Structures are given as C-alpha cells and as structure tokens.
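If you scroll down you'll find the structure; I have some questions about it.
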C-alpha cells in the first residue's frame, strides 16, 4: 500500500483525490493547499486524511511514499524537485514544468535517485487515444500524412499561461504518444484579446522529417465547444471527436491513388477511393483511474511510466518553441537547433 | 436583353448556362469549349445557342455584349483581356487571374473602357454570407476579434493550382466581403502528399492592423467534409456551418468581460457570459441566380459590382502572399511592403 | 428502344422525364398534362417530345410502348387501366391506386395481358435500402425484433389524401421490401389540425405473426426534418438516417443476452453487449435512374419487377387497414380478416 | 434544519444523499437499505449518518422529520404509508405507487395529516422543462397541436415493471407539468422480446378534449440513445433534445396558415411559414438540487409541492390506462370512464 501526498485542491486535485480513494494499491495520507476552506472540504469528504497548508511538511511526512502535484504551472518545478530530493516518487499535472531547463533537471534528479517521475497527460490513458495508438502502430493507416486537431470553447482564461501552454499541451501529448514520428520545426501564430493578457487563440504548425505535417488550433474564446482531430494516412483516415458520446473514433477507408498518366508523363492521375467507415468499441474506464493505477504499478515495480519525464520534456520543447515562434508571428523555429543551443 | 457568350463548359460552366437560361434580362447566345462533346451536350440541352470551339470567334461575335469565363485559372487573364479589348463586359470565375499583376491590368483595362469587370465570388451572394455581412456591419458583434474557417473534404485535386488557390479563395472572398478590416501580413504553412503535386493541405494566418486575427484551414485530403467558420466578437459570436440544411448561421450571445481586480491591480478578473442562441432565417435563392442578376443589372446600369475587379485583386494579393509564405514555411509576408514593391 | 408516354408533369413527373432522358434503352415520345404551361416548359427543355393535354390520346399513341403515370392518386386506377387495356406496360407513382379493390383489378388486368405493372416505390431502389435488404437477408441481425421509422417535416399538405397515404407509404414499401415477415394486424392513431382537412399526423403499429413489431410516425407539421429508421435484432441493430450525407446506414453490434438466474429460477439475468459500429459504403447511383433501368429491363425481358403490382397491393392493404383503425382511434384491424372479407 | 431519513441506496438513493448533503436546510440523519455493503459504503462516505437495515426503525426515529423513498416501485406504497402514519413528510421516487388506488390512499393520508407528499418527477425541475412550461403558458406557441416524445436507448431491463412504467413516466410527468390540457383516452401498443419479461418497447397515443394529440415512444432495446420531444403549435414549435450539451431547447418560428380558396370554396389554401430559430439560455442548476430545496421549502412552509401527490396520481392513471390498452393491442381506454369506475 503506497502512501500518497496530494498538493493542490483546486480544479484538478479533487479528481485525483476521488480516484486515489477508489484505488486498491494506494491511499492518500495527506493533502495540502494554501486555502483553509479547500482543506476543510477535503477533510469533511475524506475523513482520515491529514491536511496541511504546508506543502513542505507534506513532502517530509514519512507516511508519504509518492507526491501528486496539482498546483499552478509555475510551482511544478520547485515542488517536484523538493519531493524527489526527499526521496519521493512524483506525479505532476501537465505540463511537467515551466521550461525545458526545469524539465531536464527533474528528469536527471529522478534518474539519479531511481524514482518514478510521471506527468499527468491524462488523455493518453483514455480508451480513445489508446485505440488510436494501436491503429497507427498497426500500420493500417498506410503512409502517415497529417495530424490536425481543434480544441476550442469558451474556456477558463488562465492567469499565468497562454492558451498553448493550457490547451495545446493536451494535443501535443496525444500526438507524441500516438505518432512514431518526431517534429523538426514549429511555426505558430496567435493573438491576445485581453489587455495585458496572454494569447487566447493559438495556431501551431509542426513540420516533420518527411512530408508529415501537424496543426493544432486552440481557443479560449469560441462560442461552441469543438474537440476534433483528423489523422490522415494513405490507406485510412481517423476522425477522433471527443464530444461524441459513444463513437469517439471513426476510421474511414478513404483516400486517393496517384499514377502517372501513361499518355502524358507530365500529368498525374488521381483516383478517389471511398469505402466503409468503422467505429471501434472503446474501453470505457475513466482515464484518470487507469492512469493512477499505472502510476502505482510503476512505483511498485520500479518501472518507467508511459508518460514519463521524457514525454513531458518533449511536450515542453514543443510549447517553448511554439511560444518563441508565436512571439515573432510565425517565424520557423527549428527544434534541433534550439535543443543544441539550450544544452 | 443582354447577349452573353460563355467560355468553358467544364464543371462550373453548365451552372452558369442553366442560371442564365432562367434569367429574364440576359440570353446566352454563344458557348465555347475545346471539347466537341461538351459543345454537343450543351447544344442538345439548349437548342438555339450557337457553339464554337474558338473562343476568339465568340468574343468577336457582335451579338455578344458580355463574356462569362469558366476556364482554368491560367487562361483567365488572356481571355478576359481579349474580351475587354473587344469592348465586352466580363464575368470571370474565381480567382480573377493567376497573379496580382494580371489582376491590376484587367482592372485598368476595364476602367479605361468603362466596362463591367466582375469576379465570380459565388459565396458572397448566398443568403448566409449576406446575413453575416449584415450582422457584422450592424455592430452587434461588438469589437471584432477573429475569423476562423475550415474548408476540408476528400476533394478534387487540381492540376494547375494548390489547395489555397482552389479552396482558400472562397474563404478569403467571404472574409473580404463581410469584414470592415484589411489584413496587413500573412503567415502560411502547408504540405503536398503527392509527388510533384501542389500543396493539398494549407493553413493561413492573417494579421490585421489591430488585434484582429484570421485563420483558414483548407484540405483536399480529409475523410469528412467540414465547412465551418467562427467569427468572434466581444458582444456576440457567429458560427456559420454551410453543411447545415436549415440553420447555417447561429449567433451566440456569449463572451467574456474583463475587469481589473480592485484588490489586486495586477490581476484581471474575467467574467463569462452565456446567453441565448439565435439562428436567423436566411434567403433561400440560389446564390448564382442572385449573382447573375446582379451582373446583368450592373451591365445595364453601368454600375460597379459588389465583387468587382478590386475585390478580386484583394483576394489575389492574399493568395500570392500566402504562397510566398508557405514556400518558406510560415515566414511572415507583409502585405503593404509587397504592394509597394509590386507597384 | 422502348417508347414511353409520361402522364403528369407536376412535382414528380419532371424527375421521370430527366431520368428517362439519360437512359439508353428508352425514350419519352409523348408527355401529357392538363396545364398548358407545364407542357410548353417540357417542350422547351426536351424538344422532340410530343405534348398533349389529352392523356387518352397519349395512351393510344402507337409509338408509346409503356406509360408512366405521375398524377394525383385518385386518377391512378383509371389511367393505368386504360393503358393496360391499350396493351401498354405501366409504371405508376406510389401508391398503386386508391384502394385494394382497384389494386387487385390492375394486377389481374396486367397478368391477363402479360404486361409489366410496376409501382414507383422509389426508396426500394436506393443504395441504402438495398444494403439494408442485404443485411437483413444475410441473417446477421439475428432474430428480428422491431422496425421503427420516423418521417416528419414541415411538408406539403396534400388535398386528396392524408399523411399516411402520402408519407407512410414510403416506409411501408421499404419495410415490405426488406423484411421477410408479413404483418397480421394494424393499430393506428392520428389527428387533423386543419378544419376539414385530412390527418396531418399519423402513428401506425403493425403486429406480426411472432413477437416482431413495427411502428411508423409520419407528420406534415414538424419543425424539423427527421428521416430515421431503427431495425432491431438479437445480434445487430441498424440505424438508417436518410439525411446523413454519407453514412446513411450504421450497423451496431449491440444487444442483450438473457439467461435464467441459476440461483433463482424466477429471475432472468440480462447481459448487455456493446461492440463496434460499422457504416458500409453505399451505392451512390440515383435511385430513380436504377429504378427506370429496371423497368425498361423488365419490359424488354417480360420479367416481374421488384416493386410489382403485388408489392403495391400489400402496401395498399396496410394503408387501408391503418385508415380504418385511425378512424376508430387505434382499434385493432386484423389483416387476414379484411382480406377474406374483401375478396 | 429538517432531519431526513433515506430509504434505499441502490441506483438513485446515492444521488439523493449527495444532494441533501449540499443543502443548507436539511440533513440526512439516517439511511437504510437491506444490503450491508451499501450501508457501509454510505457510512464511509458520509460519516455521521446513522445506518440501519430496518426501514421501520428509520421511520420511527424521532430525529427524522421527512422520509425520502428510493426503493423498487412495489414497496413505495407500504413505506410511504408507514412514514405518513408516523407523521413524517414523504418524498417518493417516481412513480408514486404501483396503482391509482394506492396513489389515492397516500394522497388522502397526507391530506388528513397535513403532511407534504411529493413525488420525485425529477425532469420537472430541470432548466429545460421549466423553460418549456414558461413558453407554453406564455401562449406564444399559439393553438397547441401535439406533443411527441422519444426516449430510447440500450437501457436497463427492469425486473418488476415494463418500459412504460419505467421510461414513459418521465415523459408523462413532463407533459403533465407543461400542458394546460388533460388527456381523455389512451391507445397503447408494445412488445416484449424476452421470454417471460415485461414489454421492452412501448408506444402510447393520448387523445385530448380538442384535437390535441400526444404520443410517446419508449424502448429499452435501441442501438442509440434518443431523448427528443417535439411540441407543435400554430404559431411556434419546440424541439427539446435532452442530449444536446448546450442548446436543449429550440423554438422554431414555423408553421402553416390555412385559408379557404376564394375561387373555390371547397379547396383550402395552405401557406407555409419559416422564420428564425431561437435557443434560449437555460438555468444550469442540477435538477435534483432544485427539487430537494423545493421539498425542504414545502415542508418548512407547509406548502404544496409542484409535483405533489395529485400529479403523481395523474401520471399513474395514464400508465395504468396505457397498460390496459397495451394488453389488448391498442384498444382505446377512456380515462374518464376508468376514473368513474374506480372511485
């Protein structure tokens, strides 16, 4: 039985609390937050959990084997580093940290101390994303062409980060998980409509080694909620609509075939193929439940999580590059170059 | 009664033929195409129309007062210029020409000869776009924030132009018509998935004078058809879904209000507003019918069309800039600079 | 080459005219209507077709081998009978006639003279209905449980028939085609909301030999258009939504399994099964084109059409029984009894 | 502060528990269930609540002022009567009881003892149904024409009641609340597809004094979930789709106008009107929260609840009549006659 300390009882923390409560192999022994009312609410709902407004105290608690961090992004590094330093395994809400530099230091610390460092890329643990990953890796999409996602709604304006750090991180972590390809350069644009605020609209294009391309559209100020991803391949294409109550994943047997025109070598002949559509049944378990069980399992077995520090760092590299590109209105930022420089 | 000569009986030409046939003030007197079977099919359907495979002959026909051009883009300039030189009014399928330079010369020629030059931006004449224009100009959206359109499907790969020249022209012409603002710079990205082919995926970001931003996503290789535009304002937001059979336009009384926090001047307070949604009834007349009646009316009255040469040129400037930016993977192309240089 | 005479150029007739024009094996030689403007419009569009306001004259025309009838229901019998008497093959718009008695006489006349009598149950020739028929007859739905259709919109109020005679005929003809089962009794309800008018809302329940049940909902006065049919089986279930642009047919691998509870023989255990969904590609040919080709083929080969007089009569029996039941607010009308009496 | 005793911790009971916990004016002091594991789970979640497997003991508890009953239908009467007899206010899950006779006796007992008797018709307290009620009573729909609801999905087969007693009760309670009209007769049909089971498909038609008609379709064995109600009026029509995440209510300015033809008195002229659509913002509070606050308020003020015993009885009369009609395959059951006989 692993003892868990939970830091942060804002929007996401209570979900961690509820799911840890239903888990056999772990038990939340202590929860901390700066706000007294959050602590008393948690204590009332889950008697038996110790509460404290002092995160450092929680981290030092000998009953705490692992620390789950659900606080604002700017505090992730300091809290996670303190927990690792105290010999505790760590689960951090996304994104892993405020910068690649911070991310790298967390990874190094965890590796040195042989502790589990896991980032809470929740969508990776949904039935839908696991099915997409299986479809892509099976090769049945054929050559991979593009990844296009839209994640917009009238959403909570964050005070400390822009919409890319808030929303695109979800799409980048999904893409990182399902694609065998790695991005090489980023061009991003965006806009803020609030005086003194961060960008509330963002558009990212990611270029890859070959002619694969990815694009993400995120927006806190849309009148309707859209959560749709298209993945195009030469053989099949996927539509992933997270708002569909039951058929979130649709696989289309559609595409084109291209031939040279035998009568005119300069002209290509494009054929269009339209076949069946298929919506596979998806695993319905709550993603966070699957994820926390995986975290506990990794702690027990000393294994590397699916969404380990490295995956968190890859996402950070992309958002950092996107921020840099967005600041200069679409200027291409090479990922290799930045990494080389940064190291 | 205006005599019309129609050049081009491919995909779009027959629609012009059918709609001119139902129009009181005009009559197609001659049609031309290089393919004999297209001519005989037209002759069988519309006996009384003279047919020729020689466009020059059609242009010189004294019974022809106005020439409608529905041929590949690369031929627009030469045919339109010949028609203007022969003293004929001209209606050209979109885009107006292959380059800004060509577009400017057509405009100058038409002005010198006091002839009508109109570009067939069909969507501008739909009930939906006319309603959007009315809503925007009424001011009820408040401050304008963004324009975001998606136009994707498994579409016809064009041989002579890329997807921006084919599909984004629709969105650019709609945006040009409904917005009082003018773009200042473009950043575009895209990709070709066909060896030796043009880009079949394109993403355009347009920056404006203030903090307004526009984005367009066009794709010939999508598994599903999407035709959706979001227009965001501080007071109201519009969703325009051209695939909706009856409620194409939805107006949402949604948005945010931003205040400074009186207790903490560094912190803004964002309030969220969610009110009614309203789908206005739209005029159901076929857009092309409305458009051709407008063309005939402009010819008769010597008036300037809504989609005149200048609007065609503004769209050309944007696609040319987008192509330039796409070739260098998102590099910002200033519109003012280009225009200055080009002139 | 079969010579066709077309009677009736109202709403449906022009569709027949257009599709016959594209057909290789037949040619419309004569068209008739009581309204001169309809005749002149047809003559203008299709020069070479003789027109007449006298249907009797058309029927007697020696160039006419087959007569297509697209007139109000009340005239179907008289015109079809005259055509058969003149030795002409007949295609009648749905429903076949105004009563079962009339339907039976037409069938007898056609059989005696060895002429083709076909009823225009257009939906039977759509790719969607043909796919449903194939799925049902393959047995993969398992035991058949129910058929439930909804066909509502703000539709044209007919002057001579109620909504069941107008709209439910479509669903009854589809059901008749795809189901191997025959109905035994009908209970129908409905209402008129127009003084002196026919019922504009109708609900039909059809009982079958075993525990299969069918229900149809038709309505001319609905704010939205719905065209949805559910077909339930023990192994799979079909949703047929005719308004879906591409995936009209969805096959769901869903259902229940029922066992007796081994611990309590009085209690059943219901298990729920939820598998994949599958949307087969459908043939995209226009139904009317397929249907007319089939008519011409039957005339040429002397074969029985899929939608022959007998299928038209089975539908008439159901609508007659439904009308009788509706008049007494749902009273069960046995189909066997009625037929026995009527004969 | 009112002391509440909750009987039944199955599917619905925990929702009552959770909502009572968030309510200021009431406190659950005791909960009972026959299953020990349900009691221990409740005790763990809500320490401070006394638990017992003996409902009679709970009812007699002096700390209990009001009893909430969330048990199988067959036990509603006995438990509610015992609670009333002990002087406790009562909230019963729908339907009120197993028969009209039981319902009447509960109402009489509550009236004699001046206790609150409320039935848990939850949908009546949703923002959507409250908005529909306001729209109908405002008169802006014009003359009321019809009410048509569909409530189908692959749902839980109940062991003790059929699908009408399970699902149609929701629609009947909504209809009872929003309509100023009262039904006069019922015709119902249905079918069971499980040997020895209750009907899992049901169709109800309700006739009213004038030409208003209502119809309900309920089904436990549908491949997809549908929750859609159409309400037709001469001026406006409502579509209520409970599965829509944000626009559950749409009001259509559509309909017909009927005139006599001045040239032909026997012919009516039907005009079609198609105007705007409007989706009003809805109150987003959880229905059960609103409902329980109303219950507590009624107990405190001695007031009659919106969903009082009488509304529960009206629904029982309809389901009883529908069951009777369904057993004889659609035979019309007059509601007045039944009531007269029963009393």
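By letter and in written order, the chains are A, B, C and D; residue numbering begins at 1 in each of them.
Methods note: contacts are C-beta pairs under 8 Å (C-beta built on N, C-alpha and C of every residue); 3 or more make two chains touch, one makes a residue touch a chain.
These figures come from a predicted structure and were not determined experimentally.
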### Task
State which chains count as neighbours of subunit C and simultaneously of subunit D.
A, B
### Intersection of the contact lists for subunit B and subunit D
A, C
#### Entry: CA centroid of subunit A to CA centroid of subunit C, Å
53
### Task
Indicate the whole-number Å distance between the mean C-alpha point of subunit A and the mean C-alpha point of subunit B.
38
## Note on the structure
In whole angstrom, the CA-centroid distance of subunit B from subunit C equals 43
### Message
Two or more other chains touching the same residue: where does that happen in subunit B?
### Response
224, 246, 274
### Query
In the complex of these two chains, what residues of subunit B are touching subunit C?
45, 47, 224-225, 243, 245-246
#### Entry: Residues of subunit B that touch subunit A when the two form their complex
145-146, 148, 150, 152, 154, 157, 159, 185, 187, 189-197, 201, 203, 205, 207, 211-213, 215, 217, 219, 221-224, 230, 232, 234, 237-239, 250, 252, 254-256, 258, 267-268, 270, 272, 274, 325, 328-332
### Message
Applying the document's contact rule, which stretches of subunit B touch subunit D when the two form their complex?
### Response
246-247, 253, 274-281
